[in-house]
Amino acid sequence: MLSQTKPFLSHPFDDDKLKEECGVFGVIGVQDAANFVALGLHALQHRGQEAGGIVAYDAEHGFNSARRFGYVRDNFTKASLMETLPGSNSIGHVRYSTSGSKGQTAIRDVQPFFGEFSLGGCAIAHNGNLTNAESLRKELISRGSIFQSSSDSECIIHLIARSYQSTLPERLKDALRRVEGAFSVIAQTRTKLIGVRDALGVRPLVLGKLADGWVLSSETCALDIIGAEFIREVEPGEMIIASANGIESSYPFEKAKPRPCIFEHVYFSRPDSILGGQSVYETRRRIGVELAKEAPVEADLVCPVPDSGTPAAIGFSQESGIPYAMGIIRNQYMGRTFIEPTEQIRNMGVRLKLNVNRALIKGKRVILVDDSVVRGTTSRKIKEMILDAGAAEVHFRIASPPTAWPCFYGVDTPQREKLLAATMSEEEMRHHLEVASLKFVTLDGLYRACGVETGRDKASPAYCDACFSGEYPVKPVDQIENGFLMKAAE
Amino acid sequence: MLSQTKPFLSHPFDDDKLKEECGVFGVIGVQDAANFVALGLHALQHRGQEAGGIVAYDAEHGFNSARRFGYVRDNFTKASLMETLPGSNSIGHVRYSTSGSKGQTAIRDVQPFFGEFSLGGCAIAHNGNLTNAESLRKELISRGSIFQSSSDSECIIHLIARSYQSTLPERLKDALRRVEGAFSVIAQTRTKLIGVRDALGVRPLVLGKLADGWVLSSETCALDIIGAEFIREVEPGEMIIASANGIESSYPFEKAKPRPCIFEHVYFSRPDSILGGQSVYETRRRIGVELAKEAPVEADLVCPVPDSGTPAAIGFSQESGIPYAMGIIRNQYMGRTFIEPTEQIRNMGVRLKLNVNRALIKGKRVILVDDSVVRGTTSRKIKEMILDAGAAEVHFRIASPPTAWPCFYGVDTPQREKLLAATMSEEEMRHHLEVASLKFVTLDGLYRACGVETGRDKASPAYCDACFSGEYPVKPVDQIENGFLMKAAE
Amino acid sequence: MLSQTKPFLSHPFDDDKLKEECGVFGVIGVQDAANFVALGLHALQHRGQEAGGIVAYDAEHGFNSARRFGYVRDNFTKASLMETLPGSNSIGHVRYSTSGSKGQTAIRDVQPFFGEFSLGGCAIAHNGNLTNAESLRKELISRGSIFQSSSDSECIIHLIARSYQSTLPERLKDALRRVEGAFSVIAQTRTKLIGVRDALGVRPLVLGKLADGWVLSSETCALDIIGAEFIREVEPGEMIIASANGIESSYPFEKAKPRPCIFEHVYFSRPDSILGGQSVYETRRRIGVELAKEAPVEADLVCPVPDSGTPAAIGFSQESGIPYAMGIIRNQYMGRTFIEPTEQIRNMGVRLKLNVNRALIKGKRVILVDDSVVRGTTSRKIKEMILDAGAAEVHFRIASPPTAWPCFYGVDTPQREKLLAATMSEEEMRHHLEVASLKFVTLDGLYRACGVETGRDKASPAYCDACFSGEYPVKPVDQIENGFLMKAAE
Amino acid sequence: MLSQTKPFLSHPFDDDKLKEECGVFGVIGVQDAANFVALGLHALQHRGQEAGGIVAYDAEHGFNSARRFGYVRDNFTKASLMETLPGSNSIGHVRYSTSGSKGQTAIRDVQPFFGEFSLGGCAIAHNGNLTNAESLRKELISRGSIFQSSSDSECIIHLIARSYQSTLPERLKDALRRVEGAFSVIAQTRTKLIGVRDALGVRPLVLGKLADGWVLSSETCALDIIGAEFIREVEPGEMIIASANGIESSYPFEKAKPRPCIFEHVYFSRPDSILGGQSVYETRRRIGVELAKEAPVEADLVCPVPDSGTPAAIGFSQESGIPYAMGIIRNQYMGRTFIEPTEQIRNMGVRLKLNVNRALIKGKRVILVDDSVVRGTTSRKIKEMILDAGAAEVHFRIASPPTAWPCFYGVDTPQREKLLAATMSEEEMRHHLEVASLKFVTLDGLYRACGVETGRDKASPAYCDACFSGEYPVKPVDQIENGFLMKAAE
């Protein structure tokens, strides 16, 4: 497979978080739309830090694109680059990485993907993951399609190319009816900006209004940055077409009960976004309240693991009455990996990002609130730092249930064996982390914090919670064939 | 004057904060000392983001140096560069900018400065500002010295070169007895690492121990990152010489009552540092407590202006009982300036960095806690964002007294006319910012938070608080001559 | 169409030479083949300076590729890049630019092109031009192929993808039977290196042997650089397959009388190459001899226009007895365009590259020997430089007939109207250039120098000489439709 | 000593040529003078390829400078850089490297050097070498001067700083009276452009006129590139001051018989320059004529070793009647070092630069004309290439006498032991190179070609020919002390 070297920014915690693979953003109907797309992608950077791309269309210059490794701020802020992306119709994409490539993405894998068809050009940007991509790719290649990337999302472009429908939106529907899995797709033709969500609505997608134009975005926080008005979410199963004629809506797929991803509330989405009608920050604060109710403990301080544990820690403090404090300080200039000078310094990686507020912690019983535990490697290091600084006791409170199953719908999860909760009970994990106590919020507690007062309805859950429950709403065909779920099958 | 173009990272708030001009760090007695210095400078990056430099000495390769514009993480993490800095004796410097140059620094102005003398080479890194530099420079040039930079700190190197003392430490004493103003200096000879603080101890400097070696640093947080033990502060007026023979201490200057900078507690130092025997975080939290006592107000939420207002906001919430909340979310990927697409979007600069948590703020009476008000430009924009998001009322509480006077001891302050508090009363400022209320902590309240229970002793204050009081402990000779203090002189 | 900005090196003479569009090079059966390909492409750099690409295959790492703008020496010499191209089977390509793009090539247009088929991957590198590419592209798109470049050569990859043959070599034959025009193609599968020339053999391609492996190259000079043995030319219409089993030869196309490009002898090929069994240097020297016979003139010095006029100038001097001299000195550090300081300096472009040897030229009658005249702009400037330096007379002798027709077989020629010889007689050109005399070698003289003692056989010429005669051996279908030959059609 | 990594371009022949260490160029009295300086330095690039620097002065912006590693064309062609060098008074320098540093120069060593004095700023650029620099440096340091580079030329700036004269030109005279060795210096004050040559006039320096302004340059070829008129050489021992008042001339040093460097005629200067009133090209052609008279041989072809052997080969052919031919072709895209693929390819370095014209050479007796033999390594490789290509015999004719002594006046020569001619007789060298014959032009022949019809006057030679004769016109004090001449002292 064609690949090339690229700079790779690695953060010490990167291997111990689930990572959203993508953010998408599109604007139609305002001049120099690509500049707005750059700003939108910047606000969505937390959804994908590896690379980004923007396509823009202009009647005079046609479709133009730019793809770059690295942060939006480091690439799409240069006038010399942005001038190559003229037009009032533009879409963009930030990505983390594909499941297939091992830490090395070719620039060809960076979306949006583009195809020149007899009906004109079309670009697409995809957030999610297709569970039948491998079978589709094989079939398309045997029929003469040439793939340029290792990305599953490229199938969509080839399916469009081979559709016999007479308009691009109809061809896109045709194509998306063939794929399985999770997708929030933004597409762009010469005159239209199109947004589609799969029938389950696993990944988010929202509609906004900016002056006379329209905006599609993974999250509302990216509408705020450009001053766009939040209109509504694109519904699960809905296709929205924005053009000079306004908005058209249709439902091209078979109806299904929505199952949006619950981990978006726990970690992926930014706290200032509104998701499913709820403040993400407030949901996280309420998880802290639930945790304090479910798993109280006597202590002197409640400290967040920055920054993602902060809202739940505030909630925990408010419910428990134990003072909230910044026991761990984050270095805001975190970046590339430094050369670690000698063996004598263990855990340098974590220290580059975090430092314990020693004077505060010394002699205290500390409750640490984190959003999730994936491999547990970071939790161990943080516990050590806190104890090294003289804490009397460390209690972990985790703002999500144990993460025990991989996600196949657009999230980068380690192999199941690497997930701490896949092989250990809560007590075994506590023992492994060597902490005074360790408690996860329950699935019911999490659902309550998300606004489902009655907790999780086992017969028909309101969210996709497969990473906690192992109940996959779409059967991951290719993945089962490839043995990714071996352990689960036992 | 020789100068060259350089990349310049500008943050939207940069013109509305006082900026520390420097951080210094040195290590002796451990292998590959420059790698430790890089880590230390990274932890001190908040003290100077414009450029950084490292010098290292090794018997085989002599003195080597590297100076770079930009963040430590982007330069001093490359093996190809670090390999050019071998040796077990190394010092480094991060800088913001000199008062002289207008947003444009030559790489020649980046410290450490180096001189090859008949007694061997010597490098120095200086945090502070010399108030008689201009007169010294004129005199030295007339006697045949050739200046390579526009930096005042270079005077020290030339004074060393012209001293008739027979050792480099004695020559350094000679040189520093000639200069006036504030200085925390780290110097390096082939076999010694030297730290000196001026007699008032305006800028901080601490001593640490790492294995068999010694460390000097502007702040303790940089000891933590490399796992060094914090031994003690270098005393005001003290010179410490670290070498294979251990530590020697002497007091080369005329004794004076110490006047360390109080703004280090308010804003400059990192919250996880220990300064003057106190936790910076805890001091800031206590300022919030003082503020809540001095200036209470009925409201629904206490929100920090991130990140520097956070500890005081926590203290204010704890004292007042009003819930603490993250009403403003900071984008952690902030970087270069984006191309602002159209006129229709005002305040893009602030939005790139901050976003209001709209769902939380709507309809609420909000207390915003910030560390200081300099020009007031940012405060206005934040207030607008909060009101746009639907807040019912906005109350500002400021964790420092009004900043009404420029600093001449190593801090970049705007001209006095640009300081909001230099021309307006508190009520005029409230009116200007268009907020429901605005209160600053009193000087006495600030001193109490800093541990002086009796408040400020007017006859003999424990700190340099010239930026608040206009009382300058060292007469800024050159500056008065140049009219910088015109207004103050009235 | 997708495009991106790129650095563009412009030479002052670039707009006044015909430019070969490509060089191709491939190696199989030796370790780290890509390093040899880099060297081969470096030796072929004169055939294309805009960009280069290399693909390499290795059983463990699959197909890997790198494409870069700029010289081979500036890109494919870095260990970090070459390490990404492991394997013992590799092909490469240097290119000038396509007729379609206006001085701006996307990196996607840089060959080799690659396709992943159900039969495995295949890369191709193409020297030449397809005269029916536009029609083919339209047809392929309508059937669902997605083009990634604006290059005509990409058609070949899609035709391979859609062929029903059961091996890649058979599919390549299938594909090449569909295309018209000139092609020397190198292709690479996992186990084979394939070379094909069109039935007329317009563009060159040679076979070499290196240790146990095989080499294909546009010219023999690139065999020399890696120490490979020159075996023979690939025959017009021949396909050669090199693999672990040795060499297989076949003739997949309808037989035709060969018509290799005569301009390769005049200018494109390097003088140290052997082409059609003849030394290119010797042919050029003989053109000078022919010129001296056909167009003698009394003069003091024979000077080449460096470097391409040198061999003919030597021949002219030897035949005429007039001393050969370096009247014009070339700056060997020629590169990017300098900022031209003021209006007062005309012709800076030429002066950057050439300088007149003033002391030598002064007062002399000078014969200038150049390889060709395209637009005549450079000839005028050189004449002015020579006269400014005090020459008594300037006589031009051109080592090719008047260039009056565009080439459609892989050479970048200006529109016909821009060719000086398309609109002027020899005498009009002499008048236009303001020189004492101007003579071109005759077509018969050129053929004689090329070894056809009887001159050009009008009924059945031994070479493609369409640029001089307007007789196109393959009808340029698309081009006539597009009006490129409007004038010719008159 | 302070140093830093830098890119280093190495050519395969670099270690087998003597290398001029510098070229200097200055312009006063024309707008945007730095652009002209960039062009002039480009024309002098053959005198130093490692690095270049330009200083420009403008009343508004003061003195500005830029120093860069690499070619002039790659650095001083960017508008963004050239805009930082405004003004109508500018000087520049290209350098090869200092004798002291081992293939690694710090950017601080790149000239021009600059000093800010009480009389105003002054920049200098120096071509040559000071034989008492080491002693001067020690003395200056002991008196408090701080050196910023490892370059000997920096002494001049410090001597200016310490002079008590009341004008900068007088201070420069003062300074230059203290130094020994060879120097052609260009200096620049705010209002003056100054050129000085040492009393022997070892290194060249010429004066030109451009519109209302003045130009100083190492060679006349750099006047041509900007269209400046060649006025005359700066005389040995002369100081010329160009300003708005025109030209002033003075002779500050003790008178001496001039001894300009004869190797400038042999190799250093460009063939299109006029040196000492003679065409460099014509002198080299005449050396070939002398060689053909002194050392005739029967052969089929006379071939130059490109490019420096070309004029002498033309002369040899003209005198001998043996046809001149390009037996060796040079790759004009020569650049960085490629990765050499395997052991099987010997001499790749040479092949990257040169290729034998095999078809021409085969079976022929070949006379190779080269400018000089230093270590002989390249000569051996070229001989092998020629024989590998099938030549019957190889005869070397060298256009200079045997190079047997190091140069201490600004030329980079290997240690004496490495000079082939220092340890071998002509016959031993012939045997070592394994060629049919080897002949060097005699010193008398060389003097005749340089216009001294009577040959070399042993009592009082017209040139410095120490590299051939070992007779040093200035005693190299430091070098003898350091043992550089050990062998010579025997």
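By written order: A, B, C and D. Residues from 1 in each chain.
One rule holds for everything that comes next: a contact is a pair of C-beta atoms (placed from the backbone, for glycine too) under 8 Å apart; a residue touches a chain by one contact, two chains touch by 3 or more.
Since this is a predicted model, take the numbers as computed values, not measurements.
Colleague: Taking mean CA positions as centres, which chain lies farthest from chain D?
Modeller: Of all the other chains, the one whose centre lies farthest from chain D is A.
Colleague: How many angstrom lie between the CA centroids of chain A and chain C, rounded to a whole number?
Modeller: From the centre of chain A to the centre of chain C is 50 Å.
Colleague: Would you mind pulling out the distance in Å between where the CA atoms of chain C average out and where those of chain D do?
Modeller: A distance of 37 Å separates the two centres.
Colleague: Return the distance between the CA-based centres of chain A and chain D, expressed in whole Å.
Modeller: About 62 Å, centre to centre.
Colleague: What parts of chain B, by residue number, touch at least two of the other chains?
Modeller: none
Colleague: Considering every pair of chains, which are in touch?
Modeller: A-B, A-C, B-D, C-D
Colleague: Over in the complex, which chain C residues touch chain D? Could you list them?
Modeller: Per the touch definition, chain C meets chain D at residues 30-32, 35-36, 38-39, 42-43, 45-46, 49, 71-74, 76-77, 79, 82, 211, 221, 224-227, 270-272, 274, 278-279, 281-282, 285, 307, 310-311, 314, 318, 323-326, 329, 331-342, 344-345, 348, 351-352, 355-360.
Colleague: Using the touch definition from the top, list the residues of chain B that touch chain D in their complex.
Modeller: 1-5, 55, 62-66, 80-81, 84, 114-118, 138, 141-142, 144-148, 157-158, 161-162
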